[in-house]
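My questions will all concern the structure given below.
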Amino acid sequence: MNERPDTDPIEVKVVDPSQPDTAPETPAEEQVSTLRLVATLAVAGAVAGLLIVLVNLHTKPIIDEYRAEQLRLAVYEVLPGVARYRTLYRVDDALVAQVPEGAKASDFRQAYVGYDETGEMIGVATSRGESGFQDIVLVIFGFEPESGILLGMKVLESKETPGLGDKIFKDQVFVDQFFARPQTPLAAIKKGSGKGLPGEIDAITGATISSKVVVSIINNGIADWQGVLQQADLEQIVPEEAP
Amino acid sequence: MAARLKIPGLPSFRNGVHPPENKDLTSGIPSRRLPFPDEVILPLSQHIGRPAEALVKPGDRVERGDVIAKASGYVSSFVHATASGTVKSIEHWPHPAGAMQPSVRIDVDPHSTQLQRPRLVPHWDEVPAEQLSEEISKAGIVGLGGAAFPMHVKLRPPEDQPVDVLMVNGSECEPYLTSDHRTMLERPEHVHQGIRIVLRALGISRAVIGIEVNKPDAIEIMRETAPTDLDVRVQPLTVKYPQGAEKMLIKAVTGREVPSGKLPASVGALVQNVATTASVAQVFETGQPLIERIITVSGRGIRQPGNWVIPFGTKLSDVIAACGGFTEDASEIVFGGPMMGQSQASLDVPVLKATGGILVLSKSECKRQDILPCIRCGKCIDACPVFLNPQLMGALARVDRFEEMTENNLGDCMLCGCCSFVCPSNIPLSQLFAMSKIQLSRLKAA
Amino acid sequence: MRATTPSQDFIRGIWKENPVLIQMLGLCPALAVTNTVKNALAMSAATFFVLTCSSVLISSVKNFIPKEVRISSYILVIATFVTLADMMLQAYAPVQHKELGAFIALIVVNCMILGRQEAFSSRNTVYRSLLDAVGTGIGFTIALIMMGGFREILGIGTFFDISLFGPNFEPWVVMVLPAGGFLMLGFIILGMGVYEQRKQAREAHGEAA
Amino acid sequence: MNDQTLFSIFFSAMVVNNFTLALFLGLCPFMGVSARVETALRMGLANIFVLVLTSLSAWVLNTYILENAPYLRIISFIIVVASLVQIVEMVVKKIAPVLFRQLGIFLPLMTTNCAIFGLAIFQTNRGYDFLQGIVFAIGAGLGLTLALVLMASIRETSELSDIPAIAKGTGLTLIIAGSLSLAFMGFAGLL
Amino acid sequence: MSFKEEKHGVVKITAAPHVRSAESTTRIMWSVVLSLLPVTAASIWFFGPSAVLVIGASVAGCLLTERLFGGQRNSISDGSAMITGLLLGLCLPAGFPLWMAFIGGVFGIGFGKIIFGGLGQNIFNPALLGRAFLQAAFPVAITTWPGPAPDWWVLRGDNFALPFMSPGAADAVTGATPLGNLKFGDDPVATPLLDLLLGTTSGSLGETSALLILLGGIYLAIRGHLNWHIPVSILVSVFAFSGVFYWLGLSPFSPLFMLFSGGLMLGAWYMATDMVTSPVTHTGCWVFGVSIGLLVVIIRIWGGLPEGVMYAILLMNALVPFINRATQPRKFGSPRGKPEPAAEKES
């Protein structure tokens, strides 16, 4: 420790004759008061908190914007032709435009109602997760609430086997099947064994489970939302806004 | 597997093995007396316990039957001259157990009649039981089944564990050996007389003679000659090795298991070999101490297999010569049975009290293959009669973890060799266990 | 007292006492996020940042921290920098942040970082702690890039997303799976073992000659 | 908000996405403390205990304190985990000295055990509620114990073998871990 | 006079016992190989030259690795590497690229066996570990079951794919295995039992003909070269568990279909019975077998894969050291039903 002669005071062990020799360490440690310990931690905590809050102030807008952008992109992808959308929250099977007082947005399932240039409603996008081969597969998809026609699908999160299950979002041929399907529910079938029915989706060879999960998410999702959406008067909840 | 006589309903024990018996080499040959050799070598240690103390010095004349060494403690035994002659020296001599041992060399008188010096022995029926065991001790009688445990010690079981049944071991489960078989056939009255004496010494009246069913003639003759005034029963047993081991015999006959580390007396039993009881009878009949016995000389490496009455101390070379010498492919000489006997390196070693057989195995009989790694087949576990896990213990022995072997009940291992016999990888398991036991006792001593 | 020179402080962590390959510290990130070089690099960068900053900070304030609250303070410092790294990655490299997921937060419990503080920064000058942290950080990065590189090349057939073997390459999917992480680290360590063995044999041979 | 059933959370955490073999959490004890089965078992049990407590505290923190300051998560979690381990150590020592003797040395080790901290983070990221969190913690703990015990028993057996010199120690442990991980892939899709 | 002088030869001094059973590890191994020959022949009969190639490649991978890294002992002659190669080859599909089969053999022997110290010391069955590695590495190729070929000598699939390159089997005619068909098929029909028994179905090379495997296994069991407790416990437990689930309406597989389809027969008679990687005591074997059966049923019914035998056996392989610890034989002389557990080691 010869590099720091300036800061390192020479430790002088003061031997108190009244203390037993057997525990020379204990008195030295007791010299540090509890107050000082607490103070040190408090200062450290305060500095840390300050630093974090400062950086957070700086990065939060960027992060939020990125998230919003990602969501926007996803909604635009699964609702082809959409120009703008509004977020609705599902509270007890009813749809509201505003989260109730004191509740967090993330506590409610959300639907994104998309409109085209002319203000005409194109469809509704929503996300849903189900257990896939490895872990949860999270999918966002858009559909027409009245007819149940599937407009588009995008996998948001998946840990499916790379090179196999991950084809559910990497294999464009597979993904393309989910755009503008006139009939739901869909059915995943083995490639080449189809009978030409409208709801058929060719499953990925070797990744039947993953393919079926995507199909199941969409089928269950539409079944789950269709009733709620059909009952609600979307126009009323989301009044037309000036473009 | 020659004759796998598995007769349902016969009592037996769990596990064990069926080595080829090869008993027909000698079982039909009546025992003959081997000519007295020119020299006998009598080690002072022919039994379990402390070596005897020599009472003779070079130049002393001894007669056949004279005491030449006395027991040096409670667990020890007397040694008697087995032939008349002159003490040549007391020196270290090759011992069948391996090392050189102090032994009394006696030059046998070439023209002696070799009659035994008369000894006064009280009538067995007229003395108190304690004196019986003393006479047995003085006659130098030890267990002839293989362990050579001084018999008088066994006759005094612990106070709190009274013996209620005497088990006479005529199972002779080691392959090749037929000496007990011949003893039963040729001297049934001696066997029964011995049983009588031992029962009196123990103060009980029940005895069971266990004989494997591959000796039907012995079973029959023992049944016919059994005394009617005592509860002596002949129990046929399944043919399986090691049926003759104390614990296994008790398990087969009584169904009781001797707990680990305990004596047979803890389940009320005492085991004696048929040859031992026969020699006890002889002590009280003619006064002859334990100086000779029937020994099987067998194997495909010897020209004339047979059963011989051999005085102890006869050198191996004399026995071999009397039996016509080796065949061309003789390869290994074993004292005892093939499962537990000991290989001999020298032809100078003498025959001892516990030598039940001398085997000269040919190359084809004791063929060895390379040792391969253990493949955890579990055959050794299925073979072990005392329910050990030889597979695990062998693996532990390989890495010198002896303490853990003790935890896995190494102490219960009786080195019967079943695990080595079945091991398809030819791992010398029982040898490993024997070595580990030695290592452990050394560690304990240190 | 340590008999090391500043250059030794720096060099040591890079190979001789490589935190991952030799000391087996920080295995969790080394296995979990090294399925591609990009992820490995992002993780190394974040770890590097946390390690260096905490080392500098801790070595500069070491004399004000009482012994009793030493560990707690270190954890506090490390957690702060991890939070900062987390937020900055999220803001400026959102794709990578999503790939690494919770494992950014888990840098906090990377034994390597706390170990360096406890073993080195708390008793050395700022300058030498910096050297030590940078050396260790580089060593960590090397190990992660090795893992990520091998796993990406075999598991996907690319290196830094550049295809190496053409479209017909059959990827060894297992390499980007968890099992592949264990196996690849095992392969690397076995390989190093073989190398060491050869080297020792050569040296022994050289001495004999 | 998470719709997973309790059973699927439990089973996923225990085998399908085993904390150690699939997520690489708790590797330090896995590589270090897994030489003896008894030790591994105790370590695992201690882990289950602390994991459940952590899950509880993380849920309390998330629900009542960090609602508006998610950016303080990492720092608060690590403080909570560290103090929790200390408190558990002290309480166990006081109330159940026998248990303490058995768990003793493992408790302090857990402060920097990524499994504990990882559980808090994963639980938050996935938005598990109170009950889901507890089930998740138990599943993860059991999975950790399973991996530890398997590894320990395999290593105990391998100690008796002639492992090649270069594979002794870490090399072999990693290959075993890889093989276990391969075997656990059989559970994939079992949700 | 010593024996040596007398005999003019070499005297043998060995420890007891001086006689040995005729059983030997080498003999056990080669008779396992022998008993596998009918199955191998059947696979060639069903799949043509592809079967020869695939089995040959995996055997070559195993033997070569064993030869190069297997250590001093003549490790090929004991036959264990041959078994691994044969078994691995038998659980691959006919159209499998040869280079992959070779790598499977190298991995199985190298990292499943040699790294643990070679013969007798491995934890996982090397053939299955190789198979699991291939399954994880090349999931598509290993689940591409070639359909019937026009002629016997036509190669099934792309055996000759260049090393490290994909097989071009994407547009080959593929068939579904009976299990896969019943589980994932669009038109789930249970394959007739007779086809399963004879092996006229699609699937891995060796797992098609349940009958021949049964014959080989029974031959080995009679010779005492395999522990019959294991296959019997596996088959009984698969039958029982699948029966219960079938009866409850939870599974589409009838118990008999379960028994004779997929790799169960091969796994139960040849993989699970690998002496090295199965428990040493009878109690242990029953625990092992019943657990394998349960896992097979669970994975087949609810798992993401059509077949679960391989994983079930591998998982239980990992548990074998633990089972061995827990099922030590009872101490002689101690009361029954009270095994001497390792717990005593504690004190």
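Order of writing sets the chain letters: A, B, C, D and E. Residues in each chain are counted from 1.
One rule holds in what follows: a contact is a pair of C-beta atoms (placed from the backbone, for glycine too) under 8 Å apart; a residue touches a chain by one contact, two chains touch by 3 or more.
In this text, all values refer to a predicted model and were calculated from it rather than measured experimentally.
Fewest steps needed to get from chain B to chain C, stepping only to touching chains, is 2.
Steps from chain C to chain D, taking the shortest chain of touch contacts, total 1. Between the contact lists of chain D and chain E, the overlap consists of A, B, C.
The interface with the greater count of contacting C-beta pairs, when C-E is set against A-C, is A-C. Averaging Cα atoms per chain gives one point for each, and the point farthest from that of chain A is the centre of B. Each chain gets a centre from the mean of its Cα atoms; the one farthest from the centre of chain D is B.
Remark: the per-chain Cα centre closest to the mean position of all protein Cα atoms belongs to E. Computed from the mean C-alpha positions, the centre of chain B lies at a distance of 48 Å from the centre of chain E. Centroid to centroid, with C-alpha atoms defining each point, chain A and chain E lie 44 Å apart. With centres defined as mean CA coordinates, chain D is found 60 Å away from chain B. Note on chain placement: the centre of chain A and the centre of chain D lie 25 Å apart, centres being C-alpha means.
Multi-chain contact residues of chain E (touching two or more other chains) are listed as 111, 115, 117-118, 121, 133, 136, 139, 304, 324.
Residue numbers of chain B whose C-beta contacts span two or more other chains: 373. Annotation for chain A: residues 48, 52, 56, 60, 133, 161, 163-164, 209 touch two or more other chains. Listed by label, the pairs of touching chains are A-C, A-D, A-E, B-D, B-E, C-D, C-E, D-E. Across the complex, chain C meets chain E through its residues 165, 168-170, 172-175, 177, 179-180, 183, 186, 190. If you check the complex, the residues on chain E that touch chain C are 97, 100, 111, 115, 133, 136-139, 141, 161-162, 164-167. On the chain D side of its complex with chain C, the touching residues are 21-25, 27-28, 31, 71-75, 77-79, 82, 111-114, 116-118, 121-122, 125, 165-167, 170-172, 174-175, 177-179, 181-182, 185. Interface of chain A with chain D (complex): residues 48-49, 52-53, 56, 60, 104, 106-109, 129, 131-136, 161, 209.
Partner chain D is touched in their complex by these residues of chain B: 373, 395-396, 398-399.
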